[in-house]
Amino acid sequence: MSPESLLELLTAIQQGATTPREGLARLAHMPYEDLEFAKIDHHRALRTGLPEMIYAAGKTEEQLVEIFDRMAKGGENILATRVSPAAAAAVRARLPAVTYHAVARVLFLRQQERPLRPGTLAIVCAGTSDLPVAEEAAVTAELLANKVARFYDVGVAGLHRLLAHRAELAEASALIVCAGMEGALPTVVAGLVRAPVIAVPTSVGYGASFGGVAALLGMLNSCAPNVAVVNIDNGFGAACFATSILARADRPE
Amino acid sequence: MSPESLLELLTAIQQGATTPREGLARLAHMPYEDLEFAKIDHHRALRTGLPEMIYAAGKTEEQLVEIFDRMAKGGENILATRVSPAAAAAVRARLPAVTYHAVARVLFLRQQERPLRPGTLAIVCAGTSDLPVAEEAAVTAELLANKVARFYDVGVAGLHRLLAHRAELAEASALIVCAGMEGALPTVVAGLVRAPVIAVPTSVGYGASFGGVAALLGMLNSCAPNVAVVNIDNGFGAACFATSILARADRPE
Amino acid sequence: MSPESLLELLTAIQQGATTPREGLARLAHMPYEDLEFAKIDHHRALRTGLPEMIYAAGKTEEQLVEIFDRMAKGGENILATRVSPAAAAAVRARLPAVTYHAVARVLFLRQQERPLRPGTLAIVCAGTSDLPVAEEAAVTAELLANKVARFYDVGVAGLHRLLAHRAELAEASALIVCAGMEGALPTVVAGLVRAPVIAVPTSVGYGASFGGVAALLGMLNSCAPNVAVVNIDNGFGAACFATSILARADRPE
Amino acid sequence: MSPESLLELLTAIQQGATTPREGLARLAHMPYEDLEFAKIDHHRALRTGLPEMIYAAGKTEEQLVEIFDRMAKGGENILATRVSPAAAAAVRARLPAVTYHAVARVLFLRQQERPLRPGTLAIVCAGTSDLPVAEEAAVTAELLANKVARFYDVGVAGLHRLLAHRAELAEASALIVCAGMEGALPTVVAGLVRAPVIAVPTSVGYGASFGGVAALLGMLNSCAPNVAVVNIDNGFGAACFATSILARADRPE
Amino acid sequence: MSPESLLELLTAIQQGATTPREGLARLAHMPYEDLEFAKIDHHRALRTGLPEMIYAAGKTEEQLVEIFDRMAKGGENILATRVSPAAAAAVRARLPAVTYHAVARVLFLRQQERPLRPGTLAIVCAGTSDLPVAEEAAVTAELLANKVARFYDVGVAGLHRLLAHRAELAEASALIVCAGMEGALPTVVAGLVRAPVIAVPTSVGYGASFGGVAALLGMLNSCAPNVAVVNIDNGFGAACFATSILARADRPE
Amino acid sequence: MSPESLLELLTAIQQGATTPREGLARLAHMPYEDLEFAKIDHHRALRTGLPEMIYAAGKTEEQLVEIFDRMAKGGENILATRVSPAAAAAVRARLPAVTYHAVARVLFLRQQERPLRPGTLAIVCAGTSDLPVAEEAAVTAELLANKVARFYDVGVAGLHRLLAHRAELAEASALIVCAGMEGALPTVVAGLVRAPVIAVPTSVGYGASFGGVAALLGMLNSCAPNVAVVNIDNGFGAACFATSILARADRPE
Amino acid sequence: MSPESLLELLTAIQQGATTPREGLARLAHMPYEDLEFAKIDHHRALRTGLPEMIYAAGKTEEQLVEIFDRMAKGGENILATRVSPAAAAAVRARLPAVTYHAVARVLFLRQQERPLRPGTLAIVCAGTSDLPVAEEAAVTAELLANKVARFYDVGVAGLHRLLAHRAELAEASALIVCAGMEGALPTVVAGLVRAPVIAVPTSVGYGASFGGVAALLGMLNSCAPNVAVVNIDNGFGAACFATSILARADRPE
Amino acid sequence: MSPESLLELLTAIQQGATTPREGLARLAHMPYEDLEFAKIDHHRALRTGLPEMIYAAGKTEEQLVEIFDRMAKGGENILATRVSPAAAAAVRARLPAVTYHAVARVLFLRQQERPLRPGTLAIVCAGTSDLPVAEEAAVTAELLANKVARFYDVGVAGLHRLLAHRAELAEASALIVCAGMEGALPTVVAGLVRAPVIAVPTSVGYGASFGGVAALLGMLNSCAPNVAVVNIDNGFGAACFATSILARADRPE
């Protein structure tokens, strides 16, 4: 039931062509999804500032180019994750303005500039192997208008490197900590800060790491109470979740 | 927004106290959940014939008695599954009219008689160990107004017993086949019939049966195309699913 | 023992060449599998309308061409699933009349036209990643003479899209709901309809989706009672199972 | 090296009894852990407002009484989780001022009143089985000085109940969503709000729920980007993590 | 169709009361399961020497007494496994002639004496923890008329004890080797003999033994080619399988 | 200590050059492994008839050619499993007398003819997908001097095909039954015969077949007592185990 | 063949009653296990200092008393692990000299005093829940004549407590580090020392700790290269392994 | 705080420009990580003799060349594991002095010669498939200045080959035992020696070996008390751990 037809009904009631009881009966079967749709539109308006997002894994280069191109016409920022270099090149051939982060495997098109929201998001990982996940988180978070600080050489087997950044870590509004293998880094970091720590297990490792399961279990069992976990290698999701923290709905940005 | 307040609004429009446009604005923010609730009530009316259902596992005897008693006042049939003998006795002390199936661990109160719907639901299992699950399915299905035929001594390691009932099985409108251990029975049965076979893995077994996982996997990998699976030991769910087949929504009962 | 030889035996008894007791002795050792075979033939006759089916995964192009060609001579409809584009091309080179659904990876040859049976099968999925599985189900179901309605953009993270189709979903005779990742869609859909919902977990996802296991477990644990589950990515099986529901053996088609 | 001995060293340098270079050498080997300890004390002072916390599972009644009693002397609020009724009674016999939440299995002693921090924490679950976990989260969060709003009858198989609370949910600063079985509730809730959703899988279920693993996997694979997950049944941890969000370190409380 | 009614039919043909074609039609629908049943009976006669078998786990004492009593009337040997001492006492109260092996948890009633078949079955295990499984195998095998030789103190961490029995092991016709923990014993034994080794993983162990799964996997991956495996703790099944080897169907006993 | 040096020692004792006590001391430290080695050689002589065996997976073509060539010089039969066509061609280039079974992926060189031992080994599988494993078993068994009977089109979803071979199956001395997916075939076959059934799970399937784990678990949980199991896809091992049954060590061949 | 009979044989050769060749033949079949046994005895003599060890789990009180009593007669130290208080009391009733560590669940009888070997074994754990495992390790190690230093309040979520003991940890010859939940402690400790770290996962935790599996995986994937792992809760094994390090076979004690 | 600035502070105190209390306050907030860094440097000096190590898996050839080249300038030995032949060739093109072990997949540059430490490290495996892991351990250990003895043809299914090396094994100071499939070799070896046995599961196997999990579980459940385990295929880690044993920190090298 469109607003038009609803108005038509109400007008009919006003004009006596329909009784209130008849109107009630019709409204009782009114497909609320149309109202719902209106709400959703309003909701989306509130959300302005979020880029359109594409999960590129499993899509052909042609499909990716097509989707990117169509979305670009909307004028919004667009972010695609898990993009291969070849796919990125294919999109750029159509849309020369796109930017590709090879390490993060992220491709984006910035069509809107938005001010950074207050607070800093720290992104922490141990070494070069976790970089693709950490950078997926970092680049996504930056595109989502967060200020990002990177701490990338701080594994638990050499605590001094981590402790050297203790003060900076403690000042972050939220932290994303990526770790593979035994996944202990988020717990150790969480013991050094008061802010929420979003743990991202990575699939880095071999043998009994089971593609990141060991790290995932380690993080779920963290003895630190300010740790929550997202899926293996889900740097993108961690950045979105962190944004939902920094952009607290109940506080004006 | 209750029907009363909605009627009030429409009457205000009729009487000119509110314009249609004002009414539209209020309705646009109308909590559809109230309309929804009305629909649900209507929906439930359509469903008449279904008993109220209680999953008793993890509830104290006191809680079960309380819930049963409250529901009983609604005048509907009530079915509780996974009921211990002690809990059943406690409910009966309050509501002497309840019936308890010790093997099925099902307790019910029949306050409404309804005619059986057409078609037969065959319930098949191999032996005595699977009986609690098979009977949970059978008793639930009977209370849901289905005609039930039981085939309870027909394991795959002695095919002749199963084959002896081939004709009867082939006449069933749907079949629930319960099996533990290797869980092969649904596949073999499905090869003998055209009707849908609902496979119920049971937790019967030990060692590498892993509490029914071996049977569950066997059924999910069935090479017969007319098999679908429910959760381990979920006789109740199988009966409900079978009822949704026998009571095809698109055909008048 | 063929019908001919059995008739011969009975005639010999009639003519006194064999005594009834001798006949009994011979029949007692009669290989029932021949009788069985006869029954099977009769059974197959009843089944007319089903296409021949081929699971192409793991077969070479040569094998597939050969099987398709041999089956085609039988004059029946033929359906092959999990067919690569190259294999499809190879079959088409031999049998130009075949049709290939690239998304569904389904190849078929329609040699018989059959009327659609009554009732509608709704096929529901969240997004483009689940399309190969959903289309395997849809194309198979259509070839199996069912009327199919597709609902393909209705994920649970944006409920309004699903709710917009609520009325149509409620009218379906059975529903196939495909979902990867967390696999919540079948449960939510099942709460909106009375008909049986066949849940198909897909291997869409990464990390802790474990190739569809997360979705599979979610569906097996559905809190909705009208859900049953088939194997991961088994769109074909879901279509067959749905057909067994729509073509209820106990009702004339 | 205690502050006293450090002061002694510095005084010796001031007085010329030790040269700066000698002091440097001694300080280079100074056990920083003592300095560290001082920092920690200061850190704890900053944290004032947090109760002392005890995980009671696996502790004898005697141990629990002893720990509670000793902590009580510190004058702080004390919170113990997973406390059996018998253990709670034992503590109360010693400390009559303690309060016991039987459903949440939480025992606490409030010795300090603190003002609630701004923002509301919504706690959502589907039904009575998840209540122990949801209440563990709620009671913990309240003791941690958060305003809590409970939404406890809103399972995904009956969407209208959830949708009825949509506006209230959307106003929460953070949400804790507990669910067992298929664990779909956090995803559906996350689609309705912008705030961070902390998903808590519960061990409610049977068979293929594997003690909460099915729900855990479902939540980790959520298709909603504002979901993070804690351990199975970890209501306490969810409340602590939510507090770390509401009490953003970078904003004055 | 019983032999009597079949004879009746054939006689009717002989007497001209039924034509051969009519007979053919009736026979085509003749429930072969009755013929089947006859064969089965004959089959069972061939099997004489096997006791009746009962898996007592999950049966109440009353059920066990009832089943035992009923079977006893058949005059056959009866063997029940996984019998608790209390259940054994309950059966003995009814049937004083039964014998109970407390370690093997086996209860049996010997009503038939049969000569031992040729060949020796060696039963091997490492220590006292595996004894219940090893004895279940040994007692079952003895009741199944096999000559059994026990080797019970021969773990792989002290090879000399195993090697001391090398000659005797090499003479066995088949070997059952029970092992928990790492389950290496069957492989080592298999390297010393030419006969088939039936490996029985036991649930002995803790932690990463996962109730026998570690031993099971070890045995399935044995690098010795004369090893096959049965379910965890399945001493009974191993004895039956060994009997099927010693009583080779193709050789007269 | 070689036999020569041992003889030397004994001769020295005989001749008085060494006292018995000195000899005892030397023998007490005698490396028994040399004696052992002698025994082993003798043992191997007893085993004559077994081919040399090579597991080719993970070996380069060069390595395989080298090993084959070296072994060939010993004059024995040689059997290599898991051989790719390319590797087979490489070996044949060096040793033109080798035979390659493409389906079984088995390459062998027959340099010795040996009479078949008595008894028949039945090899059973459901369809074309299981053929590589079944043929690996069959070809290996034939090379190990067993008479093999193949039954290759007998899946449990169409029982009549299996039952048609019932008599032949019952006459086999041992049976190897290969099955993927739900792995029910060995159980059903075992219910039809008295001989030992060696179950071989195959990795045929997809989704929840988990590369053969579903079939493996089904077979380990078989309700038939004459079933034992080998590793997934281990047709070779099944043939060796069957040979250890047919060539019962305690009976002269 | 006992030394006596071997001497007899050699004497017969010396005396000409047996020829060297005949002696060779007899020796070639000499059961080396007797020689072996002699070596073992000698080996055990070398090992003097090790107590006899009993794994009490799964043994009845009667069995434990019996074994303890029998071993005590040998005059050696005796150590039993996993002993319940009741079982300990039962043994003490027979052998009043035994000592019981209630936390470690270890019961021992010291009949021999031995000097401590050089070097210190550090035993590290995070908190009270891990104490049973840590103390099982500590008490076992002490009985095995090692000097033990305990560090029991040093979890990774509060690094300062661990760092406070850094110097002492660095001086240990070997370290046993017990941890449940996420199991990160061994990795962090290993980053602070050069000595070997033996990681013991404990079953402390709930939910996704899976009875210690999360900790086990974390330790196996440790990014520190001086970590090796024993079974879950295996404090006893860790102590034995550490002893094998401290008592290096190649260095005189 | 650098040593320079610390010296400056102390000098200010000496000169009276700063009071000792002011100095104390500044030092209390002194970032210990700088002191820490100094210690670390000292620590590293103590460790001299260790090569720099690179885990090459997942690094591009370019990255590997770059890292190798940069490290080489430090003058230390450099060891890279999991290096493909192509990557090795790429490094050699830049640094012709590197050595590549093709089987071990290890690439190293020896720039420092160091004397072997006392004691022998035995490296044991069953066959050619485990060689890459065993050689990774051996080559690493040699570069870490250990004397290595290899025992590479000693599988448990042919004990005589293992027993032939018993004396040599017993003399080793530590043993690394690599095994795939059932992983029994470490247990059997550990029963023959007193020294610590480091078990390395390898991913050799198929089917239910699950990429080394079967071997891993077998080793964790070893019934020998002198066994500890590292990750699957972690030959490198085993060598490092063994080095930590042979280079006991508490004993001068």
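Labels A, B, C, D, E, F, G and H are assigned to the chains in the order they are written; within every chain, residues are numbered from 1.
As a convention for this text, a residue touches a chain if its C-beta (ideal position, glycine included) is under 8 Å from a C-beta of that chain, and two chains touch if they have at least 3 such contacts.
Everything quoted here is computed from the prediction, not taken from an experiment.
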Trace the shortest sequence of touching chains from subunit C to subunit G and report its length in steps. 2
Minimal step count in the chain contact network, subunit D to subunit F: 2
G-H, D-H or A-G checked against C-D; over half of contact pairs coincide for A-G
By the contact definition above, name the pair with the higher C-beta contact count: D-H or E-F. E-F
Approximately how many whole Å separate the CA-defined centres of subunit B and subunit F? 51
Roughly how many whole angstrom separate the Cα centroids of subunit B and subunit D? 39
In subunit E, residues with contacts to at least two other chains: 32, 36, 158, 163, 207-209, 213, 216, 220-221, 231
All pairs of touching chains? A-B, A-C, A-D, A-G, A-H, B-C, B-D, B-E, B-F, C-D, C-E, C-F, D-G, D-H, E-F, E-G, E-H, F-G, F-H, G-H
Which residues, counting only subunit B, touch subunit A once they are in their complex? 3, 6-7, 10-11, 13-14, 16, 19-21, 23-24, 27-28, 30, 32, 35-36, 38-39
Using the touch definition from the top, list the residues of subunit G that touch subunit E in their complex. 31-34, 36-37, 39-40, 55, 57-59, 63, 201, 203, 211-213, 216, 231-234
In their complex, what parts of subunit G are in touch with subunit D? 128-129, 158, 160, 163-167, 204, 206-209
Parts of subunit C lying in touch with subunit D, wherever the complex brings them together: 126, 155-159, 163, 180-184, 187-188, 190-192, 205, 207-210, 213-215, 217-224
For subunit D, which residues are in contact with subunit A within the complex? 46-47, 53, 118-120, 170-174, 193-196, 198, 216, 220-221, 225-232, 236-238, 240-241, 244-245, 247-251
